[in-house]
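In what follows, a single structure is set out as structure tokens and then discussed.
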Amino acid sequence: MSNTQALSTADKWFRAYQALDQTADPGWMQSLRENAAKQLSVNGLPHRKIEEWKYTPLRRLENLELQTRNQREIPPVDTQFPAAIAEPSALVIDISDGSLQSRQETPDGLTINSLAGGLGKYEDRLRSLCEATDLSGPGRAFAALNTAFLDQGLLIHAGAGVKAGSILIRWAFSPAEAARLDNFRVFVLLDAGAELAVIEQFESTVGTENALNVISQVELGKGAALEHVRVQLESDRCSLLTSTSIRQAADSRYTYSGFDLGGGLVRHEIDASLTGPGAHAEIRGAFVLDGSRYVDNHVSVDHVSAGCTSQQFFRGVLGGRSRGVFNGRALIRAGADGSVVKQSNANLLLSGLAEMDTKPELEIYADEVEASHGATVGQLDEAAVFYLRTRGLSDAQARRMLTAAFCHAVTDQLENRTLADRLSVLLDEAMPDEPPETGRED
Amino acid sequence: MLEIKNLHATVGGKPILKGLNLKVSDGEVHAIMGPNGAGKSTLGNVIAGRDGYDVTAGEVLYKGADLLQLEPEERACEGIFLAFQYPVEIPGVNNTYFLRAALNAQRKYRGEPELDSMQFLKLVREKLHILHISDDLMHRAVNEGFSGGEKKRNEIFQMAVLEPSLAILDETDSGLDIDALRLVAEGVNRLRSEDRSIIVVTHYQRLLDHIVPDVVHVLADGKIVASGDADLALKLEEKGYTWLEQGGIQPLNEEARV
Amino acid sequence: MSNEQTKADPSSVDHFVQQKYQHGFVTEIESETVPPGLDENVIRWISARKEEPGWLLEWRLDAYRQWLNMTPPDWAHLEIDPIDFQAISYFSAPKSDKDKPQSLDEVDPKLLETYDKLGVPLHERARLAGVAVDAVFDSISIGTTFRDELMKAGVIFCSFSEAVKDHPELVRKYLGTVVPSRDNFFAALNSAVFSDGSFVFIPRGVRCPMELSTYFRINAAETGQFERTLIIAEDSSYVSYLEGCTAPMRDENQLHAAVVELVALEQAEIKYSTVQNWYPGDENGVGGIYNFVTKRGDCRGARSKISWTQVETGSAITWKYPSCVLRGDHSVGEFYSVALTNNCQQADTGTKMIHIGRETRSKIISKGISAGRGQNAYRGLVRVAKKADKARNFTQCDSMLIGKGCGAHTFPYIEVSNPSAKVEHEATTSRIGEDQMFYCLQRGISEEDAVSMIVDGFCKQVFRELPMEFAVEAKALLEVRLEGAVG
């Protein structure tokens, strides 16, 4: 997207903001929106000159119309979900076209509510989270957009020491005539010692053009643990932009496992801030791309306190004309001694038209640290292919098996083995059939 | 079973096998010995059909048919098994899953019904038991993190499950201590049968104390330069490969072997 | 603009100077220094002063016009106060002897102390310190001896200005073909105002009989802040070129913006080694050189090879990415780097390996050492283009931190669009382990010796690539630079 286009699209969206009726909302929310809209209007959308967005093709977002509360009638949407990937005991929350559809009874100590519904009891916490969202510069345009249209949201809260089980969030789009962009915000608050698994499933059955811009804000109290799984099997007409920020108190634990097996334009930003000593973040993902999909994982872990550990581990398989991006950043601040950081990104390129761009960054200001990273782009090990063939597997079978195994390195790290097994099956099914091109021999 | 005539092969353009002749009948165990660089491993890889090992002349007949026309997996399905000198580690591929896929691919090729996981597990347990291998092996990824001994035993275990007609053991003794060597040899001996031929490729005689061969060949500079019975191996061990070079025995032609 | 106007007529120089004077500038023609500031007239003056042909002046002016529309790069991990480009003087000929220190007694004792530690021969110290003593070293005769031998081999090795006069066809054919004048802000600036530099031409099939070094090219010393180097290796030739000097150079220029272009034709090999040890500023970050360098090699021919080795220990700011464009099939690019930042030094350095030809290979070994409050960033790009079948890259990029106040950063960009390519990047960050330290101390080795021993080990892979004498000096240099970093 060129500079001028970026501005005009932002202008269009700014005008939609001006049409917003927000008389019933608290004052802080109105001024928050106003400030965000201003940022958006001044900075415009990101473009290739913005380092963080240099690979992201935003052109496809230009024609999208913003949905606002005023325009949106919220009928119960008949969305059909494929089989759930979470265990049957999980609480299910449906979010359709960026609005909350269903809520279930929750066990003691666990609260699930809409943003509007949560404002009473949680107003201060939600306000401070919203106000903490970084909106500065064109790189944060989608956060500004989301904030300018702050309206639909989901609040999940687990009280101190509550073992809250699993929650499945199913995101879907309903058939729509005009291509559009929805904004949504998720808050996950775990008090000290609370434990929760949140599984997000993005899998619409309709193939219309849609975009979703989600901001998730996670606060983990001392010793709290959140297992976050995201499975994305959208159609290639769908754009998905997510930005997840996690603030972690001492000894808390955040694990993210993302599986991108679909989607047209997909970009995940995951920013973990390890503010308390001994906090641990583990962020991993696998993507299997074909067609002209674009999947981008922008991961950043900020080691603020001493004795924190983090891992970033991504595996990518790229076929067709797809493009994958991994940008992993680890920042170790002065004083964050005893930090341990590992970054790894390995990719298989299967097609002459696919492209992988990877950038594992380390920024280190403390000397008592252990930091390493590795990134590779390559092919399957031909010795392994041969080994399998000497045992009777066909060349195609051998390659498929090895490619799947390459991605299983991610599911292997999940503690929940039942879920890991289901995800492995999904991965296996997503394996491309095309035999990899091994370069022209002419 | 196997007949190799005047085989010439190159690796990366460099001639390695230079007119090798070998005939292995059903049920026989042949040992191929030779100094480093003689072409021992090349022979195994050529028979198994590895890319980059180019046959420039000669022929290889397996069960009377031209073997060189076949893809590696077709050779495997026809009953050829290569126990690798350096078994390949395949992270993320579970040993059980891998072996079942291999066995079913071979069964399918032969027109036999595929085994479901229960049937397969039963077969595996049986084989593990016979070979005194703990079933912990089955839950791990193929060869990943295995010790040298475990890798070689895993090869023999795969051989037991896949039941090949012709097995080539490429330096299966290398890197093994004496106990591991005995275990591997026992495994191989259990798999000896009238309709299975085995080629044992080795640098040292010691494996042949445990797997007693019917015929011993000496491979040097890409050719079989001497053949004899098990005593030949002992002589070689005693006198070293230089003994050959110094004309210790005259090169024999194929007909002259025992 | 007509040719007549661009023609660098020496007589117009006077006119220009006069003009300037009329406008209130003070210019003493004897000192041959233009007043601070940059405009087209300054460029015309420089070009005329150097008696350059019209095409070169036009080339400079074009670069200048491009430069006007460019902004200094801000993406590096560097904190730089804005540079006032109009406050810099863009041409200053070597100082006359009367302006130089008249003896070593007038030279900063700290500088002399460093020479002592590095073992710089006495007669060399004066030259390095810029003392106006001509007889210190028989530079002319040495230079001449080498020149004769090179001439016999057909090698051209001269200053850039001489090359413009004596070999204009070669300069014109290759200048700016590797680093175009609009390449980046500093390259454009250099193209507009470059003062002098080295020119090397190795004809087809010739293996240059000796290592070429700026060290011996004494006649072109003090080439100043905007150096320009062009090395051309014709088919099947070989040259090893050493740049810089391991002793600290006395240098009063704050801003350096050099450009180096290498061209390797079929099966040619160029090995380019640099030891950079300019003034890094004091402990508090006052003073020091700003070093913004654009170095790039073009492996234009099949099976050609370009190898960069750098030891960067000086300068307050280092902004430098010696790169290889692997255009020829089977061509090879290498980058070996040691970068040390101590006190308030900042470095953002690395390389770019652009794989275009088939079966091209590249290797990157980078060792960053940060001490004091130094900030040291590796920034590298490995790009494999669509047609670069079976391209290979291996990158190893290690950082070492010494002390609490420093930073070590790694920004590798990997962009691959060929499925048969294999790219591997590894990086580690470590500090000198307490157990390593204790082990050395327990064996009776002093703390400083232990550190330099461990650092030397850390850098071994790179030092190995340097010509032997250079390697010894580079090692000594690290020791000097690390002094006071521990304890």
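Every chain is named by a letter (A, B and C) in the order it is written, and numbering of its residues begins at 1.
The criterion applied here is as follows: contacts are C-beta pairs under 8 Å (C-beta built on N, C-alpha and C of every residue); 3 or more make two chains touch, one makes a residue touch a chain.
A quick note: this is a predicted structure, and the numbers were derived from the prediction, not measured.
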| item | value |
| --- | --- |
| Pairwise touch network: line, ring, star, complete, or other | line |
| Of A-B and A-C, whichever chain pair has more C-beta contact pairs | A-C |
| Chain B and chain C: spacing of chain centres that average the CA atoms, whole Å | 58 |
| Centre-to-centre distance between chain B and chain A (centres being mean Cα positions), rounded to whole Å | 50 |
| Whole-Å gap separating chain A and chain C, where each centre is the average of the chain's CA atoms | 43 |
| Residues of chain A touching chain B in the complex | 381-384, 386-395, 397-398, 401-402, 404-409, 412 |
| Chain C residues touching chain A - in the complex, by the definition given at the top | 75, 77, 384, 386, 389-390, 399, 401-431 |
| In the complex, chain A residues that touch chain C | 51, 334, 347, 349-379, 436-440 |
| Residues of chain B that touch chain A when the two form their complex | 48-51, 71-73, 75-77, 80-82, 84, 87-88, 90-93, 98-99, 101-103, 105-106, 109, 141, 158, 162 |
